[in-house]
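Common to both upcoming complexes is chain A, partnered first by chain B, then by chain C.
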Partner chain A sequence: MWIELAHFATIIALLLALLQIATPIIGVGIQRPVWIRVARQSSYVVTLLLTLASAGLVVSFLNHDFSVKYVAEHASRSLPTFYLVTALWGGHEGSLLFWAWLLSLFTTIAVWRHWSTHASSIPWILSVLGTVISGFLILVLFLSSPFERLTNPPFDGRDLNPLLQDPGMVFHPPFLYIGYVGFAIPFAFAIAALINGRITDEWILATRRWTLFSWAMLTTGIIFGAYWAYYELGWGGYWAWDPVENASFMPWLIATAFFHSVMVQERRRMFKIWNLFLIITTFALSLLGTFLVRSGVLSSVHAFASDPGRGVYILIFMAIILLFSFGLLVLRADRLRTEVQLESLFSLEAAFLFNNLFFIIAGLTVLLGTLYPLAVETLSSAKVTVGAPYYNKVFVPIMLGVLILMGLGPLLTWRGINESRLRSSLVKPLGVSVMGMAGCYLLGIVQPYAIIMVGLSFFALTAHLTDLGRGIARRMANAKEGILTATVTLLTRNKRRYGGFVVHFGILMMAAGFVGSGLFQEEKNLIMAPGDFTTIHHWRLTFEKIATVKGSNWEAQEAIIRVEGPQGLTMTLHPQKRDYQNQQMPTTEAAIFSGFFEDLYVVLGDAVTDNTWAFRIYRNPLVSWIWGGSGVMALGVFLSLLQGRRREVSRQ
Partner chain B sequence: MQANRRLFLILTLLVVFGSLGALIWTSFTGSLVYFHTPTEILATGTSKAGQKVRIGGMVQAGSLVKEAGTQKIRFIISDGANQLPVRYEGMTPDLFREGQGVVAEGPWQPGQDFMAATILAKHSEDYIPVEMSAEGIARSKESMLRSLQ
Partner chain C sequence: MKNLWKVILLVGVVTILALFALGLENDPRNIPSPLVGRPASPFSVSALDDGPPVTLESYRGRWLLVNFWGSWCISCRSEHRYLMKLARMTADRRDFAMIGVDFKDTREGGKEFLASLGDPGYRQAFDPDQKIAIDWGVYGAPETYLVDPAGIIRHKQVGPLYEGWFEKVALPIMEKKP
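== the complex of A and B ==
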């Protein structure tokens, strides 16, 4: 029953979404605002209907309605309730519905917030977003329906893939989707501006918070994925340059370029075409990301071809959106010429230009590595993969370049800085940087990349802290405030600038984590019998025994390992090998101790003889700094989001 | 002065991004790993000697041998028509077993057992390496059946 209701709601939602495309165009054409209000009401009702549809699917999961194909394939009677709810986005069909629902929700919020402030853009925003929603709903209804019934319902479902039964994986897709979908709003504003022909900076000011919010969500989603890979997959790492990971990383890179370069447009009226190009590309890559992961094309282009309807539809949908957006951009390009020229290499504009080029090249690098194998397989029958060394080799210098720019940022000014002033402000950061590198060397770190990364991180950190310190000192002298009040007022006076600083601090923490875990990981493979011990760095691990434990839908062998660490630290780790009843798939559950400076990561392997087991042990330095750094980044974005629009406008 | 600055800017851009481009190109071509079935790789003769390759097929039933007391294993990857003996030392992925699809990665040395550095298995619900796709496995099963007849 519920599933038919959901199905019906989705059909009506599609009809209303089509109405939402057409009526604003008519309304603008015949100058009758009532038509635009019709579109607004439709968009509200679409949201309600899609909420109902998603709820219907969730209820079917909760009712264990295995006559619904999607439910039978992604749940079972023993699946915990929590995963029954989140199985909504556990597979291809459901996640597309979830995507469409999120987009309708964001459309409603955008229309409700910007209705009176952006009256001339609203019709086009409604049309554009209606088009994207319709595109997804057609896919959901006709080509990959989660509402399909089975004629012979099984007694029990196939269960959710055990690897996905993990909180990290549960929150990974929705955050990614909120990020992807969020970029639809600035995209719609940009298209509206292009259609209107009144291309001012209005769309950028209006969508600043949308962009930041979406970027933060996308970042969080990617981090959740990395966290899941680290805790669940048991190979000791968190990022493998897998095509699925790359698919979410590409829009992130371009979005990062975008919200740096919009600052140049706001302050200097430059990069207008460029910014439109970036937001269109970001949204296109968001769509590409969703489709690449969800269409099965990554496992094989033949899988794509074996379901020609879906594949061709996705290609056509993407082609329409891309041709329309970029075509419009080309048509309007003459209105977007900048009168302003770049004046100096030592200016913020130039720094942002370099920043953008670095991020674009990073994006192209990932795009090449992700799509090249698909192209090869399509054109010849050869199959090829692009190994992680490619990405690592290219990304290290890009990361170094970005760190240099990050450090220069607070030192530079718009329109260029006097070279002698720049030289004097470079002294302190460079001094600290050299001291940091020397310190590293004295501590016994000899890898050149590690030393350079440390040096540049200290350079960027000092540049930011000096700037903050100078601001605080000025407040203390001028407003006669204490150091704490001065800090707080400074941070809250210019939330946007200092929010950015905090985000940069988070990035620096993460960079430390990448260097630590990437260059200084220690690994040990060995076979132990109960009673045996081994050491890795300053840890001593004693394998005590093997025990059997049971969960609600799994049974596991568990090794009990006593660990003695530095400073008398002792604990017990329990790495497991689990068997899930409904799926014939064993999984490895690594046991991880996460400390401030390092992680101890223990994986239990198969029994080698009756009384010995294989183990793999890693010591991963600074991994928690990656998770911590992402938290700091989130704080920074939050601070920056607090700054409303009025201030920005009044400041100019 | 203005012209000088522009030139300086353009030169900087060229140097920085030209070298990045060169880096991308060289590391890209060096990181490509081609996938072959046993039949394909055996047909290459010595032309691929020393290159890193991926070999995919089925773990032939009855071929998996574990060396007692170690993590060393030997097995045969079969695509039905041809077989390739493989050696590996270390933990195998959760899904590795006889009769299942497998992909082994390592340097190709013609005429010797394939020394796998990595063994791959299914990754998640929606994404699996190319060679592990249902279609790939079906193809090798199909050719295996053909050879049995």
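== the complex of A and C ==
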């Protein structure tokens, strides 16, 4: 019953979404605002209906209604309630519905907030977002319906893929989707600006928060994915340059370029076409990600349900949106030429320009690596894969460039800084950087990449801290405040600038984590019998015995391992091999000790003989800095989001 | 020159879209199996219905379709209707036979599956410990193999068979002279 209700609500929602595309265009054409209001109301009702539809699917899960194919394939009687609810986005069909629901919700918020402030853009925004929602709803209704019934319902469902029964995976998709979907709003504003032809900088001001918010969500989503891969997949790493990971990473790279270059447009009225290009590309890459993941065009370890019929549809949908928006950009570009020129190479503008170049090159690198296997297979039907070595070779140097720019950022000013001042402000960061590198070398670290990274990180850190310190000192002197009040007022006065600083600190922490775990991981593969012991770095691990443990829908073999570490630290680790009742594939639950400086990561493999077991043991330095750094980043974005608009936007 | 970027941008977008359009023809399930072109690993195991053992050898001289399934597999349910149809359709062909391998399953589960969804009529081997499945390189269900009269694996289909599969995939292979 619920599922039919949900199905019906989705059908009505599609009809209303189509209405939402057409009426604003007519309204603008015949100059009757009432038509535009119709579109606004339909966008609200679409949100209500899709909320109902998603709720209907969730209720079917909670009722264990296995006559619904989607429920039968993604749940079972023994699945915990928490995962029953989140199974909504546990599979292809449900996650598309969820996508559409999020987009409708964001549309409603955007229309409600910007209705009176951006009256001339609103009709086009409604139309553009209506198009995207319709595109997804057609997919949901006709090509991958979560509402399908089974004629022969099984008594019990197939259960949610055990790998997805993990908190990291519960949050990974929704954050990612919120990020993807969120970029639809600035995209719609940009298209509206292009259609109106009177391109002011207004769309950028209006969507600053949307962009930041979506970027933060996408970042968090990617990190959750990495976290899940690290804790659940049991291969000792967190990022594998898999096509599906790349699909989420590409929009991230371009979005990062976007909100840096947006600042240049705000301050200096430059990069107008460029910014439109960036936001269109960001959204295009979000769609591309959906296409890559859902069409089955690329084989990937993620192996989602794939189907060429869907692929054809998503491709056509994507082609329409891409050709329309890039075509529009090309047509309107001549109206947008700016007379403002770069005045100095030692200016913030120039730094942002290079920042953009690096991020675009990084994006292209990932795009090439992702598409190359597809191109080869299509043109010669050979199978190739592009793996980590390619990305590490090309990507790492680019990121080093980004780090250099990040360090230079606080030292530069708009329009240029004179060289002697730049030279004097370089002294301190350079000094600290050289000391850091020397310290590293003395500590016995000889890998050139590690030393360079340490140098650049210290440079950037000092540059930021010096700037912050100077600001605080100035406030203390001018306003006669204590150091604490001065710090707080400084941070809250210019939340945007210092929010950015905090994000940069987070990036530096993560960079440390990447270097530590990427260059200094130690790995050991061995077979042990109970009573055996082994050592890795300064850890001594003793395999005591194998035990059997049970969960609500799984049974596991668990190794009990006693660990003795440095400074008399002792603990017991419990790596498991789990068998879930309704699934064929056993999963590994790595046992991980996460310390401040390093992780100890133990994976239980197969039984080799009756009494011996295979183990993989990793020592991963600084991994927790990646998770911590992402938290700091989120904090920085939050601080930055608190700042309202710099200028009142003139009412249209 | 001034408008060069426009050309590059549009050509780039169109190229990527075209690549995807062509790429959709690629079948991601078409993972080249190293066993294609090699003799199928022989087996003789008890039948699901407690009849005489099912032996691969006894099908020598005919094309043989071997379908791996289990009652725990939801896609097998959706595939089953086509298997029934295919069995009916090819009942008169003397050069073609079908068998099923019910693997990683209980005898009751497999029998109940056939009782509720219909028995296509061909023999079903029972492989609870996945002995055949492992020898044949099965890593999921359903998977289907096409074995030639000489006992050589000619094709492996990962995932459910679909309406028209026999005409589109199997017949061209069977009609090609070995």
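Quick notes on this one:
In this section, the second predicted complex is superposed on the first by the 636 of 652 C-alpha atoms of A that agree within 3 Å, B and C clash if a C-alpha of one lies under 4 Å from a C-alpha of the other, contacts with A are read in each partner's own complex, and residues count from 1 in each chain.
As a working rule, a contact is a pair of C-beta atoms (placed from the backbone, for glycine too) under 8 Å apart; a residue touches a chain by one contact, two chains touch by 3 or more.
Note that this is a predicted model, so its numbers are computed, not measured.
In the overlay built on the shared chain, the residue A:Leu368 is in contact with chain B alone; chain C does not reach it. By the touch criterion defined above, A:Glu564 reaches neither chain B nor chain C. In the superposed pair of complexes, A:Glu266 makes contact with neither chain B nor chain C. In the superposed model, A:Gly327 lies in contact with chain C only, and not with chain B.
Here chain B and chain C are compared by how many residues of chain A each touches, and B touches more. Of the two partner chains, both chain B and chain C are touched by A:Glu377. Looking at the shared chain after the overlay, A:Val312 reaches chain C, while chain B stays out of its contact range. In the superposed pair of complexes, A:Leu342 makes contact with chain B only, with no contact to chain C. Common to the chain B-facing and chain C-facing surfaces of chain A are residues 296, 298-299, 306, 377, 383.
Residues 6, 9-10, 13-14, 16-17, 19-28, 31-32, 72, 74, 77, 104, 116-117, 140 of chain C are the ones touching chain A in the complex.
Across the interface of their complex, chain B is touched by residues 90-92, 161, 163-164, 242-244, 293-294, 296, 298-300, 302-303, 306, 342-345, 350, 354, 357, 361, 364-365, 368-369, 372-373, 377, 382-390, 393-394, 397-398, 401, 525, 527, 585-588, 603, 605-606, 608-609, 612, 614, 616 of chain A.
Per the touch definition, chain B reaches chain A in the complex via residues 5-6, 8-9, 12-13, 16-17, 20-21, 23-24, 27-28, 30-35, 52, 54, 66, 68-71, 90-92, 94-95, 123-136.
The touching residues of chain A, when paired with chain C in their complex, are 69, 72-73, 150, 152, 154, 158, 277, 291, 295-299, 306, 308, 311-312, 315, 318-319, 322-323, 326-327, 329-330, 333, 371, 374-375, 377-378, 381, 383, 582, 584.
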